[in-house]
Amino acid sequence: MAPEYNTMELMICVAARNLEDGKTVAVGTGAPCAAAMLSQKTCSPNLVILFEAGGVAPMLPSMPISVGDSRTFYKAIMAAGMSEMMTTCARGMVDYAFLGGAQIDKYGNINSTMVGSDYSHPKVRFPGSGGANDFASLCWRTMIMTVHSKDRFVEKCDYITSPGFLTGGNAREEAGLPEGGPYMIITDLAVMKFHPESKAMMVVSLNPGVEIEQVKENTGFELIIPDVIGRTEAPTAEELRILRDEVDPLKVVIGR
Amino acid sequence: MAPEYNTMELMICVAARNLEDGKTVAVGTGAPCAAAMLSQKTCSPNLVILFEAGGVAPMLPSMPISVGDSRTFYKAIMAAGMSEMMTTCARGMVDYAFLGGAQIDKYGNINSTMVGSDYSHPKVRFPGSGGANDFASLCWRTMIMTVHSKDRFVEKCDYITSPGFLTGGNAREEAGLPEGGPYMIITDLAVMKFHPESKAMMVVSLNPGVEIEQVKENTGFELIIPDVIGRTEAPTAEELRILRDEVDPLKVVIGR
Amino acid sequence: MEVLDQGINPIFTDPDPDKAREFFRQKSRAMVDKRMTEKEAVEKFVHDGDYFAAGGFGANRIPSMIIHEIIRQRKKNLGFLGHTSTHDFQLLVAGECIDRCDAAYIVGLEARGLSPNARKYVQAGKLKLTEWSNYALDVRLKAAAEGVSFGIVRSILGTDTFKMSAAKVIECPFTGKKYAAVPACWPDVVAIHVHEADMYGNCVIKGISVADLELARAAKHLIISAEKIVSNSIIRENPTITAIPYYMVDAVVEAPYGSYPGNMAYCYFSDEAHLAEWLKVEKDPEAFAKFLDHYIYSSANFEEYLEKCGGLKRMEELQKLENVVEA
Amino acid sequence: MEVLDQGINPIFTDPDPDKAREFFRQKSRAMVDKRMTEKEAVEKFVHDGDYFAAGGFGANRIPSMIIHEIIRQRKKNLGFLGHTSTHDFQLLVAGECIDRCDAAYIVGLEARGLSPNARKYVQAGKLKLTEWSNYALDVRLKAAAEGVSFGIVRSILGTDTFKMSAAKVIECPFTGKKYAAVPACWPDVVAIHVHEADMYGNCVIKGISVADLELARAAKHLIISAEKIVSNSIIRENPTITAIPYYMVDAVVEAPYGSYPGNMAYCYFSDEAHLAEWLKVEKDPEAFAKFLDHYIYSSANFEEYLEKCGGLKRMEELQKLENVVEA
């Protein structure tokens, strides 16, 4: 019998599987951190976790509540600073970063700053970039975990906080950004990547029980639908056990 | 009865008196370090000694043999790095620096790189700038202690390693260098500064027993000779006692 | 220098390196006793209209004590550097102390949610904003710390973060690569909370330094609050770990629990219940006004605030929470 | 970008940040045992023609052991970064290993005088030189460490040091101030001697760090020699003091007295008698050839050299000299 799980657990498991062993990942709090921790305990024991405020490869005793709290450098190999982390990204030594936001467009650009059309009087103000723009600009592969809905997946972001492929094609390189950019989007409905030339968002696999129509209905722009679409593998019993018992026993992330 | 002293002792005493209390001074090994130490033990107890390799305000147990040896940060308030020291200069927080060289011209430019006319085949190669160019560029007042001779005080340096006032007047600022530059030159014959407008070298005082003709004869360019020339004060018995007993008891610097 | 593109928002601080040099030339290097109370430090070094920045990151190692005093002294029209500012930003907005901000991360408290009051303040246009990323702001501080008027970064290019910044796109004279040039930022006054300081201001920070090394070096005036005042000989015993040398520092304030309700690594964890109370009470302006009056305005000093928050007993709980991190 | 003036000498390393990124993308981040002998480290990571740089300053905390091995393996046509290089430069010239050099300070040994052999080598034009100041070189390393292709500095402007460099004069897009733009420098291989390292390469340096933090971060390949190999748990006990994280490191060589005859702070003082012997014997080329053969070429490794220099007895004397610094 297949184990039961919620969509947050599914997204975390999918993300964890896609972090290669022996690579570096810059994570925030919450789901990305859970994914990196799960990855270490399953497929990628030598995954190196970095926190933007300075913590490098800590022995995480529990889920941090802040990217700079003391857990992020507990028994770390280095407790450095923000500049150390960001320059490590800039030099090309950080493979993955996780980003989130209020809106994402078809080229993977992300809005975490504001909703509305007047910058000086936003309808809703969010925190802004923090380190997100830096990660999106400087890391090789940015990963996005988010809920799939029409007001999140929009034709055009009200504001581009962090770069994806900008207007697609070579726009990213032409703007002066280094090679890199969004790599994978994991939602409660599907997994998406970007077309190698046009850099437009493309469905890779549908989550268990999800049909393509559902994905289309919940996306505010036209997705590239390839002839062959995969099926996202459900979390295994072992993944779920580790996630629930070892990574997030207090259900801070997966419980919601 | 006036105490006896050699010219090295005289120069060190004059330099020590001209380092104001509560200021910062970047020193090298040898005479500059002796001058700074003597200054601390006489007129300027709160003079802060910095070494370019990273030592800040050490409790110098003896004269260092290198700008980076362990004495330069013995019981220091900080053992940092070169960047820390040089950026402290760049921010405008370092008041004095000591420089030396093989040649100096009438605008206080210094050559510590080579003698000869062909750069790729120098007659004599010296070490080059090290941190000297940085100090001369970034500190407020550079101090020079040197032997006074015609082949050291030249009309034109074979090579300008470290900037004085370049071609005089506003040339320094026009080149993009910050305000600052050479402040005082202390030789075995005299003390010199620079004319406030033309920035050409100007005699300030003659050392005890020295006549102006001697200075002119030993200078390879025309010095500004003001109407009133002072007389350099000889070292006091107290200065000499401290210099000989406490600063350089092994006579590493003053013995030669 | 050819500028290919530029952000449309203002620079709040003067990027002229020679004016900064002139300031630092006058700044005393005397190694004198700089200990004073938080009241004296803020009276002396924080003035209406100043551009202010705080050390730490998120609610970690932030100078809560000094910020409370800024609110208590009702400082107005401050500028603020918001690089992952959370509770510190929330506090300064609560006191209506700031009217302009270099923003990389504001109004939120990371995983804890968003501050209703700070959000309202920004949405009402009460804060003039110029946008940056955390690292772009850090490069601005590094440039200031290095005594130069600009730095370069590959972040923010191509985005609205660039458009709403004051950066300019330039090309490398060696490779032709494009960079965002960002102006140096010398804040008028900075407050940093550290683990240990001697009375002259030599400081030790344990754990991550975030952007505080740059911030201390860019600061025109620097207020240090320290969990513990140690002797100068302790500093001199291990000069390798000095994070901030005394000559950058103007005031040293003894501040046990000075980062509360934030997390001070190796000392005490954040008071999540109190931070949650903030987020809750902010929803009701009237209740929030009373809350602020109770905790800040009517407290004579930070110590009184700590008492109101549970005093030593609560602090000991938070110490325990910090020290028993292993599952 | 408008260039107002430029130095006439070549850049010896490629300042393209995207090529550097591509290299670092491939560099392993695996936390594996990297311990090896000096012989293995140099065989594996130093190749003829590489651009090499050494940590330390003057004769302090220099990687003597690794440089001896470079000479012993008769590496040729190396480039070299000479920022206050003294005995390290003297060694590499003695082995005729280098043919080009970014020079800030070469041929001298600070207060000890000048190396007759190094001087002769340079005066004979055997070394292609590009001139810099110490800080200008440091800014080149910092730019590389930051993943950008250039940095700016107010030093070297207006002098022959600029003219004989590869710098370019540019103007600040915000203030119009002039700067020397200097190209990023990513050395092919760097050797740094540290106090402690674990087997993965996490390193601790005690005392001044000179330019080694930048150097480690700019290095494409990094060889660490360490006075002492410590366990990873020692590193994790105090992550605040980690100077170099393991993922920058390619090789870890256990190297007690690995900086001899240099000064290793807190461990041993420089062997001034031996350094004086170098300066003396260099005056006679024939005697110098024998000297080199005796001390380096005919030694199987650095340990044998240390034995020839007086072995443990001499090392203990130098330890005493280092630890009894007070008058």
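In this document, chain identifiers A, B, C and D correspond to the written order of the chains, with residue numbering beginning at 1 in each.
Everything below uses one rule, namely that a residue touches a chain if its C-beta (ideal position, glycine included) is under 8 Å from a C-beta of that chain, and two chains touch if they have at least 3 such contacts.
Predicted model only: the values in this text are computed from it and were never measured.
Q: Looking only at C-beta pairs that count as contacts, which pair of chains has more of them, A-D or B-D?
A: Pair with the higher count of C-beta contacts: B-D.
Q: Roughly how many whole angstrom separate the Cα centroids of subunit A and subunit D?
A: Whole-Å distance between the two chain centres: 40.
Q: Report the inter-centroid distance (CA atoms only) between subunit B and subunit D in whole Å.
A: 28
Q: Mind checking the centre-to-centre distance between subunit A and subunit B? Centres are C-alpha means, answer in whole Å.
A: So the centre of subunit A lies 58 Å away from the centre of subunit B.
Q: So what's the Cα centroid distance for subunit C and subunit D, whole Å?
A: Result: the chain centres lie 37 Å from each other.
Q: Which subunit D residues touch at least two other chains?
A: 17-18, 147-148, 153-154, 177, 179, 206-207, 239-240
Q: Multi-chain contacts in subunit A: which residues touch at least two other chains?
A: As it turns out, subunit A has residues touching two or more other chains at 73, 79-80, 90, 138, 178.
Q: May I ask you to sort the chain touch graph into line, ring, star, complete or other?
A: Shape = other; not a path, cycle, star or full graph.
Q: Determine which chains touch and list them pairwise.
A: Chain-chain contacts present: A-C, A-D, B-C, B-D, C-D.
Q: Residues of subunit B touching subunit D in their complex?
A: Listed in rising order, the residues of subunit B that touch subunit D are 28-30, 52-55, 61-62, 65-74, 79-83, 86, 90, 109, 113, 119-134, 137-138, 159-163, 166, 171-172, 175-178, 249.
Q: Could you pull out which subunit D residues touch subunit C in their complex?
A: 1-3, 11, 15-18, 147-150, 152-154, 168, 170-175, 177, 179, 181, 183, 205-207, 239-241
Q: Taking the touch rule as given, give the residues of subunit C at its contact with subunit B in the complex, in rising order.
A: Going through subunit C, the ones touching subunit B are 17-18, 20-25, 27-31, 144-148, 200, 202, 217, 232, 235-237, 239-240, 242, 245-247.
Q: Would you tell me which residues of subunit A are touching subunit D in their complex?
A: Touch list, subunit A to subunit D: 22-24, 46, 48, 56-57, 59, 73, 75-80, 87, 89-93, 95, 138, 140, 178-179.
Q: Under the definition above, what is the set of subunit C residues touching subunit A in their complex?
A: Counting only subunit C, the residues touching subunit A are 56-61, 83-84, 86, 103-108, 110-112, 114, 119, 122-125, 129, 131-136, 138, 142, 153-161, 164, 169, 177-180, 207-214, 263, 265-266, 269-270, 272, 322, 325-327.
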